[in-house]
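Several structures are given next for inspection.
Okay, so subunit A shows up in both of these, paired with subunit B first and subunit C after.
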Partner chain A sequence: MAVKLMGGMLEMADIVLAKIQITINLMPFLMQGLLMTFKVSILAILFGSLLGFVLGVVRTLGYRPLTAIIGIYLHIFRGTPYLVQLYIIYFVFPSFGVGFLNFDSFTAAIVSLSLYTSSYVTEITTAAIYAIPRGQEEAARSCGMSKAEALIYVVLPQSLKMMIPPMASIYVVIIKSTAILSIIGISELTRQGEVAILRMPGDIMFVYGLIATMYFIYCYPVLRFAKWAEGAFGSIGSVQDQES
Partner chain B sequence: MKDPIIRIENVSKQFGTLKALDGVTNQIQRGEVVVIIGPSGSGKSTLLRTLNGLETVSEGNVYIDGVNIVDTRVNINKLRSKVGMVFQHFNLFRHKTALDNIIMPQTVVLNRKRKEAEDVARKLLEKVGIPEKAGNYPDQLSGGQQQRVAIARSLAMHPKIMLFDEATSALDPETVGGVLQLMKDLATEGMTMVVVTHEMGFAREVADRVIFMDGGQILEEATPDEFFDRPKNSRTITFLSQIL
Partner chain C sequence: MLWLNGFYNFRIVGQYLNVFIDGMLTTIWLSLLCLVMSFFFGIFIALMRMSTLGFVWRIAAAYIQLIRSTPLLIQIYLIYYGLPALLPFGNIFDETQTAIIALTIHTTPYMGEIIRTGIQSVDKGQKEGAQAVGLNSFQSMYYIILPQAIANITPPLIGQTAILIKDTALFSIIAVPELMGAGLTMFSETVVATESYVTTGICYLLIYLLTLILSGYAQNRLGGTAWRSN
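== the complex of A and B ==
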């Protein structure tokens, strides 16, 4: 009985050791993937936020044709799957024969993910601007500020604070969306994991577990930050109207 | 009539099917204190807001200091800084301290140096009686204190005219007196004031002239004594009997 138990424990120890060995062996390879995931998500967030912020502000200015164009843009990017957008940008655009649309996979990844990000950021920006009570702009304008000055000095500083929590949430969505980039051959984390599985098909569950853990380690602090920021800066949904 | 600083000529304002202002004509003299009273929806706030361009007019002309502000070629921003406005809900910039609320419009609109603007701001906080609240944010101030800061913010622009839109309606009863006193002081100093209010005591004591509006029209105007003691229009009589 005791011998059998002892044997079982040894067997367990062997398995654990083997998994640790796999982890150590795979780590540099997977870290490369995580680094790529990091790079792609940061760039997409950066470009997407800039574009989305500009579009979001323009949308509130009340120039009808521009508002309509931005509306269509949002419908296209928010109403279709990101995977389809990626396919079109990477596989279909080059067939137009226009030079600069002939993206390599990395550029296609950044462009498509940035556009996708911008559609969310536009909505967030617009909501955050409309969440500022009208009286704030009226007070600024009655002091003699132009529409632009009222926006820059009074409305946007208050809006930006409110945008922080939803922006952090979008950031997490984008990080997770980068997994899709594996299909166009970007060696990000998921892709690296799939390559690793080809080498050790017996450990498929374990390798995917490792990948999931690494995504989680990247996303969790951002999620915690979003939660904290909501308490610190308030969320757009629960903004207290000064006039109520 | 000698020196009108405001001339309102046949002004109408249409909100959809509602005629908020219906052919209003009036003149306000330099240094005059005019109180506008009337039931809610009578157009009194709309009239006030047209005087600094917060509300556009559908018909007619508004001259401020000889300049027609209905003319789209006029730089209305510059003009607005000459016409201070105090709102029912104060509309202090929520992201700025009391002091910065008074400084910021000066630096942005009048291009004053920060040091100079701060001197002006501190003097004005002294004048409105709350120098010790300079570092407080709006949400740390009572309604009365916020309204004092708002008045100081308007005065910092050296306006020629001050508009008060139900400036005491949102205040706790015990803070109303202080703000009214401040308005009286301004009147005594010779400021041209147009005041929309429900404070009949203030109207009787401070106004040079009382205007009664209903249905977007001026129905009666007279000196306070005449207005309150010998009203002529039947709707004025009904209104006064309801509120006095």
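== the complex of A and C ==
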């Protein structure tokens, strides 16, 4: 009995050691992928936030045609899955025959992810600007500020603070969306994992588990930050609230 | 209309119209089923999360955090490859059933969090009042709190439904014949990227339009315009 138990434990130890060995061997390869995921998500959040912020501010200015155009833009990006957007930007845009739309896979990834991000950020910016009481702008105008001055010096600083929590949750959404980029061959974390599985097909579950852990390590602090920021800066409602 | 043919050849699309309609129907019933199931399980997760027993709410919280901080794609892979290995009787689910299981597991925590905020938004006096008239805790939850909670959370619930519908597109990767799969089928057979993918996008927009109309109807029906202003 005791010998059998010892044997079983030794077997277990062997398996655990083998898994640790695989982890050590794969880590540099997967870290490359994580770095790529990081790079793509940072670039996308940067460009997407800039575009989304501008669109969001323009949307609150009240020029009817612009508001309508931005509304259609939002509906298109909110109503279709990111996968479809990626396919259209990567496969359909080159067929327009316009030179600079002939994206390589990395550019297509950044462009599509930025546009996708911007649709979220536009909603957040608009909601954050509307969340500031009207009296603030009216008081600024009656102090003699112009409309632009009131927006830049009074309204935007307050709404920027309110934008922090939803922006953090959007960042998590974007990080998770980068997994889809594996389909067009960007060598980010998921793709690296798939390549690793081609090398060792016996450990599919283990490798995917490793990747999931790495995504978790990347996303969880951001989620915690979002939750903390909501307490610290107040909330304008979750992003889903604004979707409908 | 002939000028359009150079860019978007609707005759080819016409040949694949039935594929796209089938795909749309699959996407719709798949999302409906997942919506109902994840809402049902979401109520349990929300109640577990609000429990005062340490090990109960910790399990729920861990589940919610794990799902929220990993991509759906990885979850699909884990369930697609892992489910047959976990079950003693091997692979009994086909791709569509695996997809339904994966999407339900993915959406339940989000639903749970939405329902939890809804339950917490109901005034405490409602529960005390229910207990005062002699309802037990199940009855007060079922008759008093949940109806109000669900009316309060309709907007985020509709938003989550829209996300759910878009998430089904990922199941084209494990060969579920839904809308994105229809687009991929057409592309692999005809090699016309524009027609295939733009049509897929238009079909998704049609479904989105449908949810917008339905949600407007539901909002008017459920709570009138009273709570829409906030």
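Here, the second predicted complex is superposed on the first by the 237 of 244 C-alpha atoms of A that agree within 3 Å, B and C clash if a C-alpha of one lies under 4 Å from a C-alpha of the other, contacts with A are read in each partner's own complex, and residues count from 1 in each chain.
Convention: a contact is a pair of C-beta atoms (placed from the backbone, for glycine too) under 8 Å apart; a residue touches a chain by one contact, two chains touch by 3 or more.
Keep in mind it's a predicted model, so treat the numbers as computed, not measured.
Novice: Should the superposition on subunit A be reported as showing a clash between subunit B and subunit C, or a fit?
Specialist: fit
Novice: Compare subunit B and subunit C by how many residues of subunit A each one touches, and report the one with more.
Specialist: Answer, by number of touched residues of subunit A: C.
Novice: Touching A:Q136 in the superposition: subunit B (first), subunit C (second), both, neither?
Specialist: first
Novice: One more residue to check, A:W228. First (subunit B), second (subunit C), both or neither?
Specialist: neither
Novice: Name the contact category of A:G144: first (subunit B only), second (subunit C only), both, or neither.
Specialist: In the superposed model, A:G144 contacts subunit B only, not subunit C.
Novice: Where does A:S95 make contact in the superposed view: on subunit B (first), on subunit C (second), on both, or on neither?
Specialist: So A:S95 only meets subunit C here.
Novice: First (subunit B), second (subunit C), both or neither: which does A:Y63 touch?
Specialist: In the superposed model, A:Y63 contacts neither subunit B nor subunit C.
Novice: So, A:K176: does it touch subunit B (first), subunit C (second), both, or neither?
Specialist: Second partner only, subunit C.
Novice: Going by the contact rule set out at the top, does A:H75 touch subunit B (first), subunit C (second), both, or neither?
Specialist: Once the two structures are laid over each other on A, A:H75 reaches subunit C alone.
Novice: For A:Q158, using the defined touch cut-off, is the partner it touches subunit B, subunit C, both, or neither? Pick first, second, both or neither.
Specialist: First partner only, subunit B.
Novice: On the overlay, how many Å separate the closest CA atoms of subunit B and subunit C?
Specialist: Least C-alpha distance: 20 Å.
Novice: Once the two structures are superposed, pull the subunit A residues common to the subunit B and subunit C interfaces.
Specialist: Residues common to the subunit A contacts of subunit C and of subunit B are 242-243, listed in rising order.
Novice: Mind pulling up the subunit B residues that touch subunit A in the complex?
Specialist: Within the complex, subunit B contacts subunit A at residues 52, 54, 77-85, 87, 89, 91-95, 104-105, 108-110, 150, 153-154, 157.
Novice: In the complex, go through subunit A and note every residue touching subunit B.
Specialist: Result: residues 133, 135-136, 138-146, 149, 153-154, 157-158, 161, 242-243 of subunit A touch subunit B.
Novice: Please give the residue numbers of subunit A that touch subunit C in the complex, ascending.
Specialist: 75-76, 78-85, 87-88, 91-92, 95, 172, 175-180, 182-183, 190, 204-205, 208-209, 211-212, 215-216, 218-220, 223, 238-244
Novice: For the complex, give me every residue of subunit C touching subunit A.
Specialist: Of all residues in subunit C, those touching subunit A are 65-66, 68-75, 77-78, 81-82, 85, 114, 155-156, 158-160, 162-163, 166-170, 172-173, 180, 183, 187, 193-194, 197-198, 200-201, 204-205, 207-209, 212, 215, 219.
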